[in-house]
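Order as written gives the chain letters A, B, C and D; numbering starts at 1 within each chain.
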Amino acid sequence: MSNRIPVAVLAATGSVGQRFIQLLDCHPYFKVTVITASDRTVGQKYGDACHWILPGDMPDWVKEMTIQPTSPEAVHCPLVFSALPADAAVEIEPAFARAGSIVCSNASAYRAAPDVSILFPEVNPDLTDIIPIQRSLRGWSGAIITNSNCTSAGLTVSLKALYDAFGLKKVFAVSMQALSGAGYPGIPSIDIIDNVIPLIKGEEDKVEHEPRKMLGKVVGNEIIPADFVISAHTNRVAVVDGHMVCVSVELEHSATPEQAVEAFRAYQAPEISRDLPFAPQPVIVVRDEPDRPQPRLDRMTGKGMTTVVGRVRPDPLFGLKYVVLSHNTIRGAAGGSIYNAELLVKQGYIK
Amino acid sequence: MSNRIPVAVLAATGSVGQRFIQLLDCHPYFKVTVITASDRTVGQKYGDACHWILPGDMPDWVKEMTIQPTSPEAVHCPLVFSALPADAAVEIEPAFARAGSIVCSNASAYRAAPDVSILFPEVNPDLTDIIPIQRSLRGWSGAIITNSNCTSAGLTVSLKALYDAFGLKKVFAVSMQALSGAGYPGIPSIDIIDNVIPLIKGEEDKVEHEPRKMLGKVVGNEIIPADFVISAHTNRVAVVDGHMVCVSVELEHSATPEQAVEAFRAYQAPEISRDLPFAPQPVIVVRDEPDRPQPRLDRMTGKGMTTVVGRVRPDPLFGLKYVVLSHNTIRGAAGGSIYNAELLVKQGYIK
Amino acid sequence: MSNRIPVAVLAATGSVGQRFIQLLDCHPYFKVTVITASDRTVGQKYGDACHWILPGDMPDWVKEMTIQPTSPEAVHCPLVFSALPADAAVEIEPAFARAGSIVCSNASAYRAAPDVSILFPEVNPDLTDIIPIQRSLRGWSGAIITNSNCTSAGLTVSLKALYDAFGLKKVFAVSMQALSGAGYPGIPSIDIIDNVIPLIKGEEDKVEHEPRKMLGKVVGNEIIPADFVISAHTNRVAVVDGHMVCVSVELEHSATPEQAVEAFRAYQAPEISRDLPFAPQPVIVVRDEPDRPQPRLDRMTGKGMTTVVGRVRPDPLFGLKYVVLSHNTIRGAAGGSIYNAELLVKQGYIK
Amino acid sequence: MSNRIPVAVLAATGSVGQRFIQLLDCHPYFKVTVITASDRTVGQKYGDACHWILPGDMPDWVKEMTIQPTSPEAVHCPLVFSALPADAAVEIEPAFARAGSIVCSNASAYRAAPDVSILFPEVNPDLTDIIPIQRSLRGWSGAIITNSNCTSAGLTVSLKALYDAFGLKKVFAVSMQALSGAGYPGIPSIDIIDNVIPLIKGEEDKVEHEPRKMLGKVVGNEIIPADFVISAHTNRVAVVDGHMVCVSVELEHSATPEQAVEAFRAYQAPEISRDLPFAPQPVIVVRDEPDRPQPRLDRMTGKGMTTVVGRVRPDPLFGLKYVVLSHNTIRGAAGGSIYNAELLVKQGYIK
């Protein structure tokens, strides 16, 4: 623990920022040495400035840390976890990358850029091959690496298992997403009690594109998305944590539900990312009960890093149907970023 | 009001039974003269036997009515509304039909039978043509007429508008269904707070078949379903009333979202069913806001009989996506049965 | 309807403001001619500026109305309904009163002032005797009249019935309050799903003082509160509308639960306020079922104006326990203000 | 671990039974060797018969265990944990005690008996002095030891700290209780979404009596309750786990909120029960934030065994007000029974 890499958490007081603090507590590789938040709170102690909304107390070590401005001048860390909102990330994250930091970002700002990977160690550790290209194209000594959108997370893991085993042609995905995905304060309570909201701004576009990029390849100077089509509907429901997605898939080589289950269960992370501290153990759990997964019961499977699949059955249009769940602020956000950073350490990008 | 037709409500103490009582209060055509419930409660007063779960008080006239056994011998009414569970309906509903009653049923027991119509007056009033055939095949002087499954209700109304205007090839439907659809006591609270249940037993099969039958035709001695394919996922969410469905459709003749909206708004009930007391006014409302329909805000549109559509937009796989909502215990259950009975009066089947 | 009094609604786009618009639709005495909202929205149409959060559509007549600034110069109405937040009300409401308007206010800003009545027509119509005194003390030609705090509303009605019949010494009150009481956006959803929040800022102080003032009398130049003591705990729960309060009372002359029920049921509004359009019919309903009132089932009793009492039973410390419910945004806010204004018309203060 | 005491769990498939299984997993003193459930499931494997409703999987070791009948003939264990419903417990628990087992019971059946202790190791370890008396009076070689009612649990711990420091005269307690307290299936979801239920049958009587008995003493042949009076209102709210209670207290020797906080924080379990595996660490946590405790955030404090107090403030009637929370199925049920059994081992009653 003595040689841990110093890291910064940007926007550490928000809902994803708090998850970073919680999950980085006692991390074997990383030690939080800098936290930043909005100008209004700079100079305050984290314990005073942060309205902690997670069950369990904030760790003691963070309470007395002083909030710094979110700028490379104030933060000298080789590794920076960014929980910035997308609009702020547009300018701030490149400033850090230019200054030499590796930015592991939850923001959507650069996910669509062809020279920025959406990294998912259990799915696509080779996408880090884009880092030297990004550096060369942009003149950075650091880099920006992103998470996927939180809804795409579990969906993509499940699609990867099918893609490898049977090939993929068409995907139909309808999400029922948790409230924590909207940040804090997020959705007003009066809008969601006894209700469903069938709109999450910008989300359907992300779910229709990010999984394809995550299953894509580095070709020349860019990441070329995998060649299948996704249609998405995204909805907000009265669930605290855990995004659930109903999925129908048309495979290239058709598979029975039993074969699909076998493919899900056989799926392993590539060797390089298999044994990292935040690696999901196992990558995918398939529940046999007819009414699972369920967010409240299954979201913490594998400490919130495992993708949980269930209800694998025939689909009259596309051949195969199932339901997939993953924890949106752990696997789909802070935990995913940390896993990314662990891989970057192993690959030598962070020292 | 003096010549109202005497009607019975079977299983009048359950959640759908209570909606019948509530909606038949002061009905211009029908007067509830007999109520039945489980053997355990026969002989009790409704006010004592019924644990009323609807907002608003039970009507005064029903409080003192005595609960009768659910048998044709105890019930002599030309019209019988059945809120029986499917397994009880299998034997009891035919007994009433044999004894000469028209049974307007919410049960799924006979919906799949080729000589039983799933009647939706704003969609398919001609399906009552099957009644003489049913009588002849089964030797009944009465008849069984069914509602659709509550999830199929709004979905089918929306599909009918598109079917008439553009033709239909493929339909993807993912529901988020209200708790009242599970009856009472229904879903245990601990199973649904902070949760979603991705299973409703038998529901996906119904949603994949009933809309096709409802858009079908009487050919020879049976109802032939319309020729398109539906894939359904059905889910339970923490909503009191109002089933919402995310829909993607592949049309025979492709349509822009604007053309689809126009078709939804132009859709009218056939003339024979347009002006009945329970006819939805209008049949379909299209909301322009990007985040509507929502169950809590929109379920009571048109007194709970109107189908509410929104988020009509392009779909990358099928061409068109939208969301549809209808009130599951009004349009999708008791209100629908009453509307059916009104049509049967107008068509002369009930006198 | 042709001679209706022109009225303004201040802060018409918020949650209480929307209730004013909804409840003033087709009011027999009042016609909304001016609506105001924050500077940001001045000049916009209400239909564009207002995110309508009530079930049912906004009335057509308001959609095209242009939002005005919240100042007496822009608003010339004899009657002004104020849904302003307390801090804004401090300066704005007196400006209207000075300019000659009667301000019927939901804000807490002036409730504690000894020359401002907390008017409850079914409880204390005589408190308007303070108006001439207020005018004389403050040099106003108009006046400020307030509602009670929403939690105090039903509590006070129930206490009034007991106070008149038996006298009151001590009151224990613990509230479970609805989300709509916090305005919009109000409570973040993630704070209340699967949770209770045991704090509503400033609320306990209001509940401990306002009912005493509402049962008080004009003596000299001020309203002297009634002489009993209240202890309050206030909590927020996951309910959309309807504040429920558990109450224990020590009476001056002890009463059995049966006698208390009799007093609740016998309670009538004073004659002057009994037959006004928004008068609760009846003032108090006592439910006999052991598990009522309940917010979802009982809040709309008497169109949301009736106070609903239940579980009247002995208390080992104070003698009597019960539960009371009232609709916080109808009886406890907008509906209460309108009822106040109706009384002021009848008393000749508004012409 | 090799010499663990063999224990039975009666009614192991219900909601409290499942908590026993979960919490006894790897217990250092006890090893579950027998599980019982309803006649209908006898002979089945636990993994097949039990609908597991807790987050996380059922432990592997229990899946293959065969369900036994709930009778002493089928169960030979020195220690029996009973999750039986009260009516079944009336006859079954004495049969086990007669046969020589120590029965640690969650049922209310014998809590009121003067020779049965409601044991709370951090409060009253000496109440086990009643065991020899109970044996002698009833002719048993085993014994029945009970938990408190789940609502009384945290309340009593907080009262004990005040009782020891200042003496107690009057207590006013209003609960907001979690759904898991009602067992499974428990409260129908449609009864609690957007609602509060102000009745929990029999609960107020328990809350008014059990804390007094728990703070009582063995005098002669019986336990004499402590001499103060409690008034309770009990309510059900839409919370999964965690009972919250609003409390006002009149002390013998008045205390400021600061003194009360000091007393809560200084409170320790008696030495004999302080270091047992299930002892709460610490017994009481006092939260300083003005809006805590909250069930979702604080129920797992001290692994669900700690009592969490907050909002300690003056009360205008009784002097002192506060809020207290404890986990109803851990501290208030299964965890409490296990802690009781640990104490009985230490005291030599179980060998």
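In this section, contacts are C-beta pairs under 8 Å (C-beta built on N, C-alpha and C of every residue); 3 or more make two chains touch, one makes a residue touch a chain.
Quick caveat, the model's predicted, so the values are computed rather than measured.
Undergrad: Counting only C-alpha atoms to place each centre, which chain is farthest from subunit A?
TA: Centre of mass proxy via C-alpha means gives C as farthest from subunit A.
Undergrad: B-C versus A-C: which interface comes out with more C-beta contact pairs?
TA: Looking at B-C and A-C side by side, A-C shows more C-beta contacts.
Undergrad: Between A-D, A-C or C-D, which shows the same interface as B-D, counting it as a repeat when over half of the contact pairs match?
TA: Having compared contact pairs by residue number, the answer is A-C.
Undergrad: Go ahead and note the Å separation of the Cα centroids belonging to subunit B and subunit C.
TA: Distance between chain centres, rounded to whole Å: 40 Å.
Undergrad: Take the average of all CA coordinates in subunit A, do the same for subunit C, and state the distance between these two points in whole angstrom.
TA: A distance of 47 Å separates the two centres.
Undergrad: Could you list which residues of subunit D touch at least two other chains?
TA: Expected reply: 53, 193-194, 238-240, 296-297.
Undergrad: Considering only the defined contacts, which subunit B positions touch subunit A in the complex?
TA: It is residues 170, 172, 174, 176, 193-199, 208, 229-231, 233, 235, 237-240, 244, 246, 248, 290-297, 310-311, 315-318, 321, 323 of subunit B that touch subunit A.
Undergrad: Under the stated contact criterion, what part of subunit B meets subunit D in this complex?
TA: Counting only subunit B, the residues touching subunit D are 15, 53, 179-180, 184-194, 238-240.
Undergrad: Touching residues of subunit D toward subunit A in the complex: what are they?
TA: Contacts found on subunit D: 53-56, 193-194, 240, 296-300.
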